[in-house]
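Quick heads-up: structures coming right below.
Both complexes shown next keep subunit A, but they swap its partner, so subunit B is in the first and subunit C is in the second.
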Partner chain A sequence: MIGAFFTTIAQGIPWTIALTVSAFATGALLGLPLCMMLMSPARPLRWLARLLVLTLRSVPPIVWLFFIFFGIGSGLLEISPFQAAWIGLGLITAANMAEIYRGAFAAIHPGQREAAIALGLPGRYRFMDVVAPQLLRIALPSCGTYAIGLLKDTAISSTIGVNEIAFEAYHLSQRTFHSLDVFAVAGLLYVLISLPMAWIAHWADRSMRRRLAR
Partner chain B sequence: MSDLLDFWGEWLPSLLDGLAISVKVTGACLLLGLPFGLLLALGMQSKGAALRLLALAVIETGRGAPVLIMLQFTYFGLPTAGISLSSFGAATLALAWNTGAYTSEIIRAGLEAVPQGQREAAAAIGLTGWDSLRYVILPQGLRVSVPALLGFAIATLQTTSLCFSIALPELVSRAYIVGSNTFQYMPILLLTALLYAAICLPATVVVSALERHLGRHAA
Partner chain C sequence: MAPNPAADCSKQVLLRLDAVGKAFGALTVLDGINLAMKAGEVVAIIGPSGSGKSTLLRCINQIEPPTSGRVEVGGVTIEVGRKEPSRKELMQIRRSVGMVFQSFNLFPHLTVLRNVSLAQERVMKRSRAAADAVSMQLLSRVGLAEKANQYPSRCSGGQQQRIAIARALALEPQLMLFDEPTSALDPELGLEVLAVMRELAEGGMTMIIVTHEMHFAENVSDRVIVMADGRVVEEGPSRQLMRSPQTDRAARFLKAVKDR
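== the complex of A and B ==
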């Protein structure tokens, strides 16, 4: 019986993974300009970014998803549940990634930048060859942790009808009344998906450190 | 604009009642979850392998499964095993588990920040294990953990929004009901977001200021 539950709930795995990957990619990209704004010398720009990040992080994800799906989606635009969840989680991820990037920037020794300037490297190379590789290495563990958190947050999208793992589990439990087993299996599935993610993050971190040590 | 304010004025009392429930759940789960987190942190440091394994299992399930699934597990699942809880009880139980699992890591990091010499000194002046923990290790270790624990408390208030899925009449549930009755989703959700932000935004600013203040002698 547990096996049957497993196969039914597993139908949600592709949606869970698709949502995690698309929201993370969107957030990782949008987080860059947001981080630039956070560190901008122009005060109004910096404050705007600060307010944006704080607002995105101070309102629970479920409220963002409802706001986008029911609020914007009911009148102004046609938005599918998946798109709403993608936009909402993507924006929240962008705010968090901007903070992660900023922390990583702060951890790079200022001497690195100064040395690059002293060597006469043009701005583009200064960023791509000196700052970016270090940034990536410092930010990677936090990114991995955040991605696993995001995976678990995608469960929230079941409340607006994305048929991912939590959605399948809820409907299966309503049909069979074996809620204890069903939700235990669903929880286990999330753990099983997060394990390889943790391994990949750990492996990437180690291999980057090894290259550094040489 | 005045339409919007009238609408908000009409539903604000109901939402504030919901917010009170959100805060109550947050308080209840922190009250249960923080001591639980401390116990788990001490369990992870214990010398008994069985105790360590048990603590590890509780922590990993609490951190590994989404909160939404844990809420539904306690509310829909436990009754099938003969344990029926109200939605408030189920929410408190699930969130306390989650709180314990996460805060145990925060507390453990704090305890590990206490220099080894402190333990040795406590042993040298003849304190028992329990007394050295109570008078020497915990006061120093917990102080290190305070900013992170406060940050977690803010996050927990936001997490209570998921209790919507187990029919607890907290803030989001009420907003959703108003939305589906009036079809005015946008304004009511905007007010909901403002209420959360009104608490969490200043709290986040204060906690990060505190963190900077406490960390100013480090590094």
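== the complex of A and C ==
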């Protein structure tokens, strides 16, 4: 019976992974311009960025998803549950990644920038060759931790009907009344997905740390 | 000895500073600095901390743009208040001026070889193979060819600073700026860096060295400049100035250094 639970709930795995990956990719990308805005010398831009980050981070994810799916999604725009969850979690991730990047920027020694300028490197190479690789290296552990957190947060998308792991588990428990077994299996699946993510993050961090340790 | 006008004419002025000043808001860090250097000259700048020595170096290669005066270096003239220097002019200055920092500032994510090659590829548009070949020569010159494929973190401070010198030399600068290159090193490691710098000076490189190494200032540089409170308080031939300073301020600083 547990085996049958497993196969049913496992149908949610692709959706859980798809949502995690797409929301993380969106956030990692959008986080960069947002971080630039946070560090901008122009005050209005900085304030706008701070306001965005504050709003995105202080409203609970589930409220965001309801707001997007039931609010914007009913009437204003046609949005599927997956799209709504993607947009919501992607934006929240962008705010968090912007803060992670900002911390990483601050951790790069100011002498790196000076040395790159003194060598006459044009701005784009200063970023691509000097800043970005070090940024990645510093931000990587926090990104890994955040990605695992995000994986678990995708469970709330079950509330707007994305048929990922938690969704499948909830409906299975409603049909079978074996809630204990069903949710134990669901929990196990989350652990099984988290583990390789943690390994990859750890491995990437270690292989880079070996080279860059100062 | 009679001055030799022919020899003087052959040596063009490489750097000229006219009334260069730098202020951060109400705080004046540099106040009306004048300096002219000919090719091949070695100038040491000494003085107490906070006297503006490092800022002066940074104003020359425009890492810190000066807030007044005129800087003429590497065929480019930048005059504060006339017009903003163009990107091209800044690039030209940075290509002709190499800089070595107190904290080395090697790129920790690149191998020693890549550290020296990077700007050759990006700035001089050399091919990777050509850049690496030049880098290997330079690394041999500073005695570190065997470190080429290591990361900087595997090198001692003295080695890192010698790599930083090779990195700056890779752009074939006309002028080298050294900002307290041995201050972060213990005395023995400092010596190997000073040896490389002495060789450079003997090879005819034009150099400005901000330093607390008084022996080096006296023996290797042609001229010494003493700075205090953002001004030049005394300037003269090295040996003469170090042994018998003419101003009270310079004498006080040199006495403090010797009494340590």
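What we mean here is this: the second predicted complex is superposed on the first by the 212 of 214 C-alpha atoms of A that agree within 3 Å, B and C clash if a C-alpha of one lies under 4 Å from a C-alpha of the other, contacts with A are read in each partner's own complex, and residues count from 1 in each chain.
Here is the rule we use: a residue touches a chain if its C-beta (ideal position, glycine included) is under 8 Å from a C-beta of that chain, and two chains touch if they have at least 3 such contacts.
Since the model is a prediction, treat every value here as computed from it, not as a measurement.
Enquirer: Quick one: on subunit A, after the overlay, do subunit B and subunit C clash, or do they fit? Just give me the call.
Expert: Here subunit B and subunit C can both sit on subunit A without a clash.
Enquirer: Just to be sure I read the superposition right, which of the two partners does A:Ala106 touch: subunit B = first, subunit C = second, or both, or neither?
Expert: In the superposed model, A:Ala106 contacts neither subunit B nor subunit C.
Enquirer: Which of the two partners, first being subunit B and second being subunit C, lies in contact with A:Asp153: first, second, both, or neither?
Expert: Once the two structures are laid over each other on A, A:Asp153 reaches subunit B alone.
Enquirer: Between the C-alpha centres of subunit B and subunit C, what angle is opened at the C-alpha centre of subunit A, expressed to the nearest 10°?
Expert: One gets 110 degrees for this angle.
Enquirer: More residues of subunit A are touched by which chain, subunit B or subunit C?
Expert: B
Enquirer: Just subunit B (first), just subunit C (second), both, or neither: which does A:Arg57 touch?
Expert: First partner only, subunit B.
Enquirer: Examine A:Val130 and indicate which partner it touches, taking first as subunit B and second as subunit C; both and neither are also allowed.
Expert: The answer is second: A:Val130 touches subunit C but not subunit B.
Enquirer: Regarding the shared-chain residue A:Gly187, is it in contact with subunit B (first), subunit C (second), both, or neither?
Expert: first
Enquirer: Pick one for A:Gly75: touches subunit B only (first), subunit C only (second), both, or neither.
Expert: first
Enquirer: Which partner does A:His178 contact after superposing on A: first (subunit B), second (subunit C), both, neither?
Expert: After superposition on chain A, A:His178 lies in contact with subunit B alone.
Enquirer: Using only C-alpha atoms, work out how near subunit B sits to subunit C after the chain A superposition, in angstrom.
Expert: 18
Enquirer: Tell me, which parts of subunit C touch subunit A in their complex?
Expert: Touch list, subunit C to subunit A: 61, 63, 91, 94-95, 97-99, 101, 103-110, 118-119, 122-123, 151, 153, 164, 167-168, 171.
Enquirer: Which subunit A residues qualify as touching subunit B in the complex?
Expert: Those in contact with subunit B are residues 54-55, 57-64, 66-67, 70-72, 74-75, 152-153, 155-156, 158-159, 166, 169-170, 173, 177-184, 186-188, 190-191, 194.
Enquirer: For subunit B, which residues count as touching subunit A in their complex?
Expert: So the residues of subunit B in touch with subunit A come to 60-61, 64-70, 72-73, 76-81, 158-159, 161-162, 164-165, 172, 175-176, 179, 183, 185-186, 189-190, 192-193, 196-197, 200-201, 204-205.
Enquirer: Enumerate the contact residues on subunit A facing subunit C in the complex.
Expert: These residues of subunit A touch subunit C: 109, 111-112, 114-122, 125, 129-130, 133-134, 137, 208, 211-214.
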